[in-house]
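Each structure below appears as structure tokens.
Across the two complexes that follow, chain A remains constant while its partner is chain B and subsequently chain C.
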Partner chain A sequence: MVDVAKNPVIASSKNLAASANGFYDIGIDVGAISTKVLILHNAKDIIGKKVLPTTMQPDKLAKKMMDLLLKEQGIKREAVKHIIATGQGRKVIDFADMARTEITAFAKGAYFLFPQAEVAVDVGGQGIRVMKLGEMGIVSDFRTNVKCSSCTGCFIDAMAIALDVGIENVGELSSSSLNPETISTTCTIFAESEVVSLVAKGKKKEDILAGLNAMVAKKVGAVINTTRTRGPVFLGGGVGLNVDVIRKLKERLAMDIYVPAYPQFVGALGAALFAPNPLIEEEEYEEYEDEEEKSQEKGSFFSRLRSRREK
Partner chain B sequence: MITAGVDLGSTYLKVVILKDKKRVGYGVAPTGHDHDLTSKQVLDEALLMSDLKKDEIDYIVSTGYGRRVTSLANETISEISANARGVQWLGEELGVRTIIDIGGQDTKVIALDDDLQIINFAMNDKCAAGTGRFLEILARVLDVPLDDMGALSLKSKDPVDITTTCLVFAKSEVANLIFQGYKKEDIIAGIHKAVARRLVAMAKKVGIRKVIFFDGGPARNIGMVAAMERELGMKMHVPDMPQIVTATGAALLAVNRFEEKGSS
Partner chain C sequence: MGKEIQNNEIESRYLIDKEGYFSPEQKERTGKKSREMANNVIEILRGQKNRPKTMHYFDELLSYGGKRIDEIISFRNSGGKVVGTTCVMVPMEIIGALGAKGVRICSGYYECVHPSNELLGDAGLCPLVKSTLGAKMVSANPLMDVLDLLVAPATCDGKMKLAEMMEDWVPVVMLNVPRVKTGDTTSKLWLEEIKYLIRKLESLTGERLRKKYLLREIRKWNAANRAWNDLMGFRLAKKPLISGRDAMIIAQASEIDDIDRWTVKVNELNQNLKQMDDSGVYAGEENAARVMLAGSPMIFPNFKIPTVIEESGGIIVFDELCSANRILNNPVIVDETNTSEIIRALAERYFFPCTCPCFSPNDERITRLKDAIKNYNVEGVVFHTLRGCHLNNLEGTKIELVLRDLEIPMLKLESEYDEGDVEQVRTRVEAFVEMIKARRKVKRKKKKK
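What follows is the complex of A and B.
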């Protein structure tokens, strides 16, 4: 498991009582599968966070999550300096002060949590994104796969449902396998059928899961290898919670892979860290922003939701 | 001579019985989990239709992705060969040069030369996009019976663009389109367009030559055919029973094999 004490951000959230003063920023990450909201205190400490499945009305959901978090922490809305949105649905969040692409936000979060990282990988619900981090954590190159769901979070999700295993138990159950199965199909839809027929043949759930996790580790490893890095690698996104995938990935790549305590919140953290800060020059990110917009934004359903509202 | 072809597809199991090279019976049923049992049941159905008994059959050839699972067959053959054989027989006078065969879990494009022999082919069995499964699952999301998709889509005046490729993402996209109030017929027409685009892109890699023969279960969908023809910019030939072309091909190959065995 990930050592919480090693993580400065999470550890310092214990000092909540001492942080009555100062300012707060909120990061909202509207992912394809789940929405993450987090409150950052004095641009360094996470003092509250929530994750819920993304709904058809992500703006209402995010607003509700934010209000709940503020209430739980006893923070007044006026004390919040900036709200920054990221993720595929970021532009739907009309109450945000600004928006950042998921690449830039994730890289920012990764650099903050683990500045040694040469490469940051985001294995999220609907895509695998790999970024090469340069000086100051600035993205020098990135690759995304958002066309195919194989080996992403929703792939593991679908398999867990087919096997009737809670998603949170997938990693541990799979680790107990002594006889991993080989999964022959790649496509999530076909793998679902394959899993069902393996169950019908009496194969053990842990062995099927081990086969699936090996497939995910292989794919994520191949994506990391395209950067030709020797590590260290930062890995975030929901799949970071799957201990067996991480273990298999470490074995496969034989390099240092750092997974933060709350891998799902890297993007939201990065977004909150984008709150105006005199030490960071915004312009350096602009170029990537545009490039990414072109490659990813074209006709996503979040953008359609937006354009329909504008009509 | 009486022969049978058994096509064990990923989704449907098809049986065709030939008597003196004429179709006298056929059967179609979901493949299910017990392939061997289903193949026997569907064969019985086809026998009933043809008014024949099982021991009157001289030779059985199985094909399709589950072809090795049935205990009925005397021999197995790949679905590419079986499909091409079926097309050669059905379309002898049509001058078919390209076959687009769309199945439940895979798609095949076969190029034929002037003697109707296979010269090239491409197959997608890696990704559900562009297969029958894409239509089947999205029909379920839309809560429209699969068989009604074609007629409904023809009502569309403004097909929606489906932007995602992966079926998993397309499911959310379609759910989202319904939520936003798009018309079902426009969404369905968009789905057909998305599948057609993938199939045509695949066919172009193999090389498209007239006449194009379109078969497999989804070829029964008139909306799918219309979308394909729009995407191709030309007409295709769709047989009366596109779902049993491959099983027919297997039964025809059974005729050849039985004759070969008899003469040797």
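What follows is the complex of A and C.
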């Protein structure tokens, strides 16, 4: 049903860790709900990853997770070339070498995993972010949810708690529904009371969940449609684990949707990919270059304008 | 003309049961918080890299309860008339020529929104309108307590009803703005409205509009226009010498300051900027993304979005806001000696180049936007709409499509005066700046090939 693109970059970690040559980069994605840490070897192989709920001290948590991962893989701290942070809490990670926004990092990760994608969709804990990918995977346009984080990960989380269902079972349980209910409100608080009243009416859990997932698919689909894309779509983020949402979204958009094997780690992967790669000589073109070299021109506005027009 | 100012018999339509509603404590709190907000913003502005000292003059001018207020109060006490305006479409030259002082009263204070919310309910209305009304309701803006007359062009719905509500305190002259620019009667109607304004101002000041004074005022404002255009030249440079926020406060200062003194100060600043240019000192970050700001007005101290842009590695090189560049970008060209022809020239200067989205057709806006993108090497446009600014919201879509053809990315932000969404906005703006910088790479690689 769902095209789960097999993640080509997961290598057998033991062999790689043993090989002394190569370098490691770490991507840390401090999301609203969970923190993800990932070790990347030679800028292409993921050799270790970890996800834990974000705490009040994300920097300490990330450090702990990173140290644990390094220990598990038997990698020395000195072998790590760069640490790049992303996510909402990226600025808190003081030991990171640089920080990138979750939008740019996710797009980078998406382009790495699935370069054919026209849009990359990140449905995370509190945000729906849709990035249109242009040439060389550069973001050419992006849309996000504004002000309200309805129909994101935390929404499904709250509903799962209200229904007393484990979050990891939501997708499968909902897929088994034969008679989905309709949920009419998108507000998390109102939806919760609607769910409670449906339970009181004796409705089945899977039917209620199917209704909720349909609503999530509708909202995510609406954000995707604002970019006027025809697909294919790459979808990641925690909600990518919910197979029913993906199926419903696919029906809704009538487009191919590709979900990686580890949708939660796309942002962290993208962050790690931002590390300068010593294997590829890449020149930095960050500087703003004026095509016509107007920097030489001085004087008032009008004289500059005049000299431009004369050219 | 059927319109008459009814000084004595104003019917309280909106605020009839709100007399004495606000306690002195609430008034005091609003004033205190507004002062804090203004001080905070000025502190942030003063923390900018390589900011010329001359800018302090403009900071003080706009600061809450600054010296300028005292000057205006003493001007009024000595018999002068103070005329408030709510829009850039009011010809300041005419007000000045009649010996009155024109001041724009649009408010950017967040705290003043609350009294309006209590009156109007939180109905998704424009925060600028609510803040301006609220400032008057609780007397939080000393400027508004010294008005003898308010001139309000009926542009958008919010401004029109704001003027109507303001009638409860101050006589209002509402100008009927013809919103269809290509209409048969448009030009004639607007000229008649300006003539009506002149009559009203004449009866307020007790003087007649004389050509000598009108020409003097036009000269003054044209000199101000020139000074401003020179300043814009420093934003055009490869490395801009002045930040967008500083330019914004300079432009806004012109609307309350004595225009002669303002021009002198701006020319002085231009000299300083030239010195900076010669010694290789620039504003903004290294390789900052060149951003254009478009959309709804941003009145001091509501500098949330420009601050986020300039703190996230961007620099605002141009704006098309009626609270900044559009105040001073059109000099009046007088080629006639006849007073009525001068008035016509003035009326047209304030009407036709105005690219407010309340007009249709508004192709002028697109043309100007395209020109500015080319001339100022704009790399991305941040289109900002205040909540409830339907006109800008609607036009934003059209502008986005135009920009797509030009391959200029646009970020659309909707926000209010409160600071609640600042981190969300920051993430999006940072991603936007990252995107602009990444595009440079692609552009260069393509060029190399």
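As a working rule, the second predicted complex is superposed on the first by the 261 of 311 C-alpha atoms of A that agree within 3 Å, B and C clash if a C-alpha of one lies under 4 Å from a C-alpha of the other, contacts with A are read in each partner's own complex, and residues count from 1 in each chain.
Everything below uses one rule, namely that contacts are C-beta pairs under 8 Å (C-beta built on N, C-alpha and C of every residue); 3 or more make two chains touch, one makes a residue touch a chain.
Bear in mind the structure is a predicted one, so any value in this text is a computation, not a measurement.
When the two structures are aligned on the shared chain, A:72 is found in touch with neither chain B nor chain C. In the superposition on chain A, A:140 makes contact with chain C only, not with chain B. When the two complexes are overlaid on their common chain A, residue A:32 makes contact with chain B while staying clear of chain C. In the overlay built on the shared chain, the residue A:94 is in contact with neither chain B nor chain C. In the superposition on chain A, A:102 contacts chain C only, with no contact to chain B. The wider contact with chain A, measured as residues touched, comes from C rather than the other of chain B and chain C. In the superposition on chain A, A:56 makes contact with chain B only, while chain C stays out of contact range. Contacts of A:168 after superposition: neither chain B nor chain C is touched. Chain A residues in contact with chain B (one complex) as well as with chain C (other complex) are 147, 298-301, 304-305, 308.
Touching chain B in their complex are the following residues of chain A: 32, 56, 126, 147-150, 154-155, 158, 185-190, 193, 197, 200, 298-301, 304-305, 308.
Across the complex, chain A is touched by residues 229-233, 236-239, 277, 287-290, 375, 377, 379, 409, 414, 421, 423-424, 427-428, 430-431, 434-435, 437-442, 444-445 of chain C.
Looking at the complex, you find that chain A touches chain C at residues 88, 100-104, 134-136, 138-142, 144, 146-147, 285-290, 294-295, 298-305, 308. Only residues 10, 33, 105, 126-128, 133, 137, 161, 163-169, 172-173, 175-177, 179-180 of chain B touch chain A when the two sit together in their complex.
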